[in-house]
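A quick write-up on the structure given underneath.
Naming follows writing order (A, B and C), and every chain is counted from residue 1.
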């Protein structure tokens, strides 16, 4: 990477003797939208808390803009966070919440006001200056939390599952907005989520984490199409895992043909949701493979015998166990 | 869904009326011309005039206010610092200390009074403001400590982290986020402390010195010797002040 | 990081110092002197003795203990009977009335107990308000002379302690999830069964802490019996005061206090055991 803004070098962290981060190294480029993806307990939140300075690592280094900031206090870092539960100050109105960081930097009041208004229009909340956090909806709180962070123009913005508490429709909408916002501001985003769809939609790169390790780093299509490990294949792409006796392969369900092929089995599940039908087949050797395709359900009953197959080039060899 | 039956409403009303009856009678009889509270001889402000002219009462009132203020200051310092300290990791003796610190509001006051009288005379402390302030602080500290601690326990840690993240130092975070958050708790703890100290009879009797009389002690001794209409007038004045304070605190809480 | 540790130690100094010096030490001192001998004038000699405790168990004092206990139990029972339904019904009112009732409760709660007792003297005294009303209604023919009797003291106690019970029951009713009662009704419980199996169980913490807040102070509230009971109703609190101020028998007063203290801690222990927490509902 030519223009690295943030590097994590061999970060380790334990809580009460339990290792939550095992030797994490990661370089993030200027203007990237990087997503840390993993289920809860994988260490993604711990990682960004270390970047924010809210935790210090047991060993390893955090380098921001070429400077070692590992032991620097959080307030001295050029990094801001959008917290999971928003963490809006209940005793300050929207304007004061957003202007808080600037006020600490001793900016004159009129400048603060102008910046706050700019930030509010960026998150489309013009006219909400005097509202109290308690008078806002979840989506509005989220926007205020984002405005409060970006108004400080940090080098890196950390977002800890910012859309986790919103309903599906609003989430989709906010995903697009966040993506636009990131492009417009040119700030590096580090985004945390456990939702692979969100990660695939928004990121320029995805870091898949599991048990305190990085499983794979890559662009959404790299991670989706060529998973390195069985975990990534299943977690990100929902792919089938097939063991040919020697090696383990990932096969995406949309690549599995029904009716023709070299593998015989029995239908064990058959579902149709949102325009997508899924058929799960148990092969003779006991392995289960799911096939999915758009459109109406084929007339198949549970217990029907069927042959399935796939192209050899759709098989991606992966590490790990099934 | 939640419907209240007629019987329940009547019950609430009757108990509330009974709750107020003694208070209302006190107010009514404070305007009674007669020296005997059993007969009504007509309206008069004599007892209020008498109250205004009573130097002893004024002095006792001043003493009560000074004492409650001093006890509140001590409770504020001790209670708030303790609540803040014990929020993080617990030390070995923290439970022991917080249990004993809360004991004064758990045990009958008479024990506390007895104990303070004995230990203060053993320590050779001069009985008066010093001994009374310590004794009153002993039951004011737990109010402030427990209320502020409960409020801190309900506080979202990420609020403080957000402040640090936005560039606030540890002190600025305390000033801008933590303090405003616990302020209502501090206020209600102090209000409760002030009221308890102001009303206290038992512990005061045991720890007072020859020269210090509080309003509560004064009222108590007067009531023991039989009721005087002057007490009714005094009670009415205190009542009016109490109602005003409650109204003001309700108003400010709404905002 | 290190700074933070030092700060946390410094913040502990006030409470540690104050509690050790003015709560723990005095209580230890009380226990110690309860085992010493009364000096002929004021104070005590360092001769260890069990006499003070033997004296507590003399029929005269034992009787007073029992009488105090009986009064405390009777007051607590009455407070439960009035305070629990009050707090419960209050919790079922709509928001507007809840606020109003709260205000109505707060005024007496914040008013000095002495001042509120004053009104009862007006009511109870011979030829007082109650006598007048009763005689006017023709229920009694002559003044009842209720002041300085046991019922007067009981009324005073209940009146004094009722707000504590109401507030703690109310706060646990407030926290209750009403849909649980609907669920139990839906599952076939009658109104009464739903109350006994769900409501009562869920408001138990409030009821129990109300009991603590009523029972514990009632053991030592000597001035209510002093004012409304005159010299006729002698309670343990009054004995301690008398021993301390008039007879100057500090060791014996200490022994009485130790016993009273043991009774209350025993009571608090039981409360803790039943409720599972030491926190008192409604206040903190």
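We take it that contacts are C-beta pairs under 8 Å (C-beta built on N, C-alpha and C of every residue); 3 or more make two chains touch, one makes a residue touch a chain.
By chain, UniProt protein names: A = ABC transporter ATP-binding protein; B, C = ABC transporter permease.
Model, not experiment: these values are computed from the prediction.
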item: Chain at the geometric heart of the assembly (C-alpha centres); value: B
item: Chain whose average C-alpha position is farthest from subunit B (ABC transporter permease)'s own; value: A
item: Result of counting contacting C-beta pairs for B-C and A-B, higher pair; value: B-C
item: For subunit A paired with subunit C (ABC transporter permease), centre-to-centre distance based on mean C-alpha positions, whole Å; value: 57
item: Subunit A-subunit B (ABC transporter permease) separation of Cα centroids, rounded to whole Å; value: 53
item: Subunit B (ABC transporter permease)-subunit C (ABC transporter permease) separation of Cα centroids, rounded to whole Å; value: 16
item: Residue ranges of subunit A in contact with subunit B (ABC transporter permease) within the complex; value: 52-54, 73-76, 79-81, 83-85, 87-91, 100-101, 104-105, 148-149, 152
item: For the subunit C (ABC transporter permease) and subunit B (ABC transporter permease) complex, residues of the former touching the latter; value: 4, 8-9, 11-16, 18-20, 22-27, 29-30, 33, 82, 85-86, 89-90, 92-94, 101, 103-108, 110-123, 125-129, 132, 159, 162, 178, 182, 212, 216-217, 219-223, 226-227, 237, 240-241, 244, 250, 253-254, 257, 260-261, 264-265, 268, 278, 283-284
item: Touching residues (chain side subunit B (ABC transporter permease), partner subunit C (ABC transporter permease)) in the complex; value: 1-4, 8-9, 11-12, 15-16, 19-26, 29, 37-38, 74, 77-79, 81-82, 84-86, 88-89, 91, 93-94, 97-101, 103-104, 106-111, 114-119, 122, 134, 137-138, 141, 145-147, 149-150, 170, 195, 198-199, 201-202, 205-206, 216, 219-220, 223-224, 227, 231-232, 235, 238-239, 242-243, 245-246, 250
item: Of all residues in subunit B (ABC transporter permease), those that touch subunit A in their complex; value: 156, 158-159, 161-169, 172, 176-177, 180-181
